[in-house]
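One structure is given below, encoded as structure tokens.
Just so it is clear, A, B, C and D label the chains in written order, and each chain counts residues from 1 on its own.
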């Protein structure tokens, strides 16, 4: 596109290269390994390293989310679902291996074919960088008074996408509720776990964990709110904050038991929250309609100052996102933990 | 006097609703879904979902006069001008699909009550209908939007809801979980391919608005990034709509889903993905370029023909009725794809008309199976024995829809096949006409097999000891008969007067191929 | 100087990665993941200095947090084969009943 | 542009493509459902990397605009007719380097970041539903290998026919 631009080989490029090589190693290792536990761990590491890479490519918001989701929530979920009859995967059959290999080769070839016409890495005048993206950078402050352009684009310019995104999360929560349920009922009867509490040598030994967690949990929640309300100025926002606050509850559940967590944050509250957040988001949009403008127009929320209206609207929808994300994460966690079958010793 | 006053009150509301109908079409079911989660008492959730889907249909109807009058209407979310914000853009093509999807939403809800009460645990019904509403919102959202990435977001709302809905069939058939999982994996690969395609388009154009992308990549069809984007979008959406070699997930998913979900999906989900493909191929990419021409002639058309013949043959060998119908759906998708790959106005219009008609006939056929299964737990073709005697109305509707699928004159199926043949002859594609005929003959066999079992075999003696699905109360059973007969009647009606779908399809094809993006 | 530190940290991360891949024992892998996370936190802080923006530190904080929760989840999973057990000091219902029976 | 320069400018894309294909390979080659979902995660994350790579601007900063430009008060004053004024100013293409810095600073492109935030959320939603299905499959068939599930179904069908 822009033949004059040449990507410089500076310190950042070197960091970039090393991180990419790490990603390659992890990716290839996942292909080769058959130990499910190692695969789950490596998947966590993969998203950790790619989050680092996102930081080095200036995508701090993305890195934030990837860290919270990929390394945190996904790993916990994967563990929750690792109710495996065997801890190793069966190796793929050679026929299947080769067939997959050719499919992948063809797909990869199609992409490699396109590489020659792709813009150089870091080119400021390439088509994607010079057009609408640049326009957002210039307009965000005057239009919305929000310095973090990612937040303003996410919540206002492309706010409708984010409404969809929040609904996707709600749909997933709904799906887990439908597929797994949230109580402990399996086939109509309560399933009690046969854990030998008497033998739990843990009881005396976990003092450190319990004390540290008790100290950490309020701080985590506080940090969550910081991420929520500082999202306009730094990386973060409703989604990340929702995940962090949910993770505080998850930590509580890990240390004090899911029943204790359910007593503190009852499943019904969580279910209401999941729906409520989407309704707050959608309702903010409808407020724009009622005030005589288009859907999701925040300018009219404050009749005196459009940018202030934008700020109000963005705050309101971010709270909606926070509530839904936090609730759905807990719906999912409750769903998975309530359904762990007993794993026999021979499987272990 | 009071009339005038009432009109004076209603008119402004109607005008207001008309102006803001584009977002309301999607937002109404989207926000009603979360509320439905809490309505699990009796039939409350069902009534709520039905009311919402009717409201949605009304909003679509409000759009209709505006679109027909102006050619297309645009709506800016948050009043941000298109390349900055997300635009809703509705022309005849969207309108056709919107009408189809929202009407099918209403019909399958009316039809589905007895089936849901039969197949879904009571405590889960509220959530089930919530997922249904979200799925509906997703499908409508894909159809109405003018923003490439927005398509992905709403495609995923509908897809995730669909995976969940399919898995709900597990109470009838435990394999539903595996079917849903395979669907999830294939669907996600498809969605990811689509995202790669959109990313490449963004790389080439710097924008995400479809009309704007079209403007920027116009004349750059030799750009390799654009070509790769084309390939990835076609494959991604091809996975979502079960295009021939990528269709393996579909038969199991449709066969094992709850009956009501089967009806809704068979008549809408693949159609919406097909719509998205048409939209991208003709509105975003440059259809006249040699590269696209080569793809049409060398890839899409042969695939379409292969689907028409191979999947019809596969349908012949199916024992399970729903699987049979699902394979036939893939074959019928081949017809639509054939129309698309002709790349001519007549061809595309015929393909779109067939899309509309196929939704009618497949909806009716799946409804027929569902209705029959209420009475005698139908899964296999054998179970249809004597249906002509035990449930004459259901059998008659099923027959009409079956004949329409074959393409017998006096049914809607004949009209679209006729136009397809005309369009193929116009391009001199004799082999396509031959394939159409072969596929129709195969359809005679597999539909004939079912009709034969229905009318020429004695009904099975229902013994109390045999564990079949409990018979639903007569009242709700009657409720299911209404939509079924309506759909069958529509299959006949649209033979005599196809002006609405034909007019919209023609206008859409002209707009797509005539003036580029507009 | 800071750049050199970054490189060193990345070298350490690679070593951890090697242990994670080889790790004959499960606990080698857990340990490797955990210390990989720690190195990541350090890397982020140093990298923030390098680009002269504080944003990386926010993310580092989050990493430290997630690392903590993740490690507890993993270890608990392997100790009890379940996640929903309380690590409570309170005697469980079973124990109380038995104690009551004895007395 | 010679070969070396081309490689420096496109190395990222090449690696990202290899990573994507690694993920895709994991998904379609394995029969183990958990590994399949892991592969799906790798595949999706790599696609996110493709997006982020194209949004990077050399020498750029994260898209958090530091100082308020003078236009801010101006726009605030015109608040009421804001919608109309946006409609009038069509977005134009920039043509030279002088337009790139905003308030004197170069920033990376925010759009890919926004899109990928949405992408990550969609990814975790899919993962949650997929894992929930795996749990149920495991409860039903006592295995999460595709082969075992197929075999169990085959046996069940045989028993039903017999």
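In this section, contacts are C-beta pairs under 8 Å (C-beta built on N, C-alpha and C of every residue); 3 or more make two chains touch, one makes a residue touch a chain.
As the structure is a computational prediction, the values presented were derived from the model and not from experiment.
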Q: Using the touch definition from the top, list the chains contacting both subunit A and subunit C.
A: D
Q. In terms of C-beta pairs in contact, which of C-D and A-B ranks higher?
A. A-B
Q) Hey, how far is the Cα centre of subunit C from the one of subunit D, in Å? A) 26
Q: Measure off the straight-line distance from the CA centroid of subunit B to the CA centroid of subunit C, and report it in whole Å.
A: 47
Q) Whole-Å distance, subunit A centre to subunit B centre, using C-alpha means? A) 31
Q: Round to the nearest whole Å and give the separation of the Cα centres of subunit A and subunit D.
A: 12
(Q) Multi-chain contacts only, two chains or more: what residues does subunit B have there? (A) 79-80, 83-84, 149, 153, 156, 160, 163-164, 167, 196, 202-203, 208
Q.
Which positions in subunit D are in touch with at least two other chains?
A. 20, 24, 28, 37, 54, 61-62, 64, 83, 86, 91, 111-112, 115, 118, 122, 125-126, 129, 133-134, 136
Q | Where subunit A touches two or more other chains, by residue | A | 42, 60, 80, 82, 111, 116, 118-119, 126, 128-133, 135-136, 158, 161, 164-165, 168, 171-172, 175, 179, 234-235, 293, 297, 299, 336
Q) For each chain, which other chains does it touch, given as pairs? A) A-B, A-C, A-D, B-D, C-D
Q. Which subunit B residues qualify as touching subunit A in the complex?
A. 20, 23-24, 27, 30-31, 33-35, 37-38, 75-80, 83-86, 124, 127-128, 130-131, 134, 137-138, 141, 147, 149-150, 153-154, 156-157, 160-161, 163-164, 167-168, 196, 200, 202-208, 216, 223-225, 227-229, 231-232
Q.
Going by the contact rule set out above, which residues of subunit C touch subunit A in the complex?
A. 3, 6-7, 10, 13-14, 17, 20-21, 23, 26, 29-30, 33, 36-37, 40, 43-44, 47, 50, 54-56, 58-59, 61-63, 65-70, 72-74, 76-77, 79-89, 91-95, 98
Q | Residue numbers on subunit C that touch subunit D, as the complex places them | A | 51, 53, 55
**Q.** Contact set on subunit D toward subunit C in their complex
**A.** 61-62, 64
Q.
So in the complex, the part of subunit A that touches subunit C is made up of which residues?
A. 11, 14-15, 18-19, 22, 25-26, 29, 33, 37-38, 41-42, 44-45, 48, 51-52, 55-56, 60, 63-64, 67-68, 71-72, 75-76, 79-80, 82, 193, 195, 197-198, 200, 202-204, 206-207, 209-210, 216, 220, 223, 227, 230, 234-236, 240, 244, 247, 250-251, 253-260, 336-338, 340, 342-343, 348
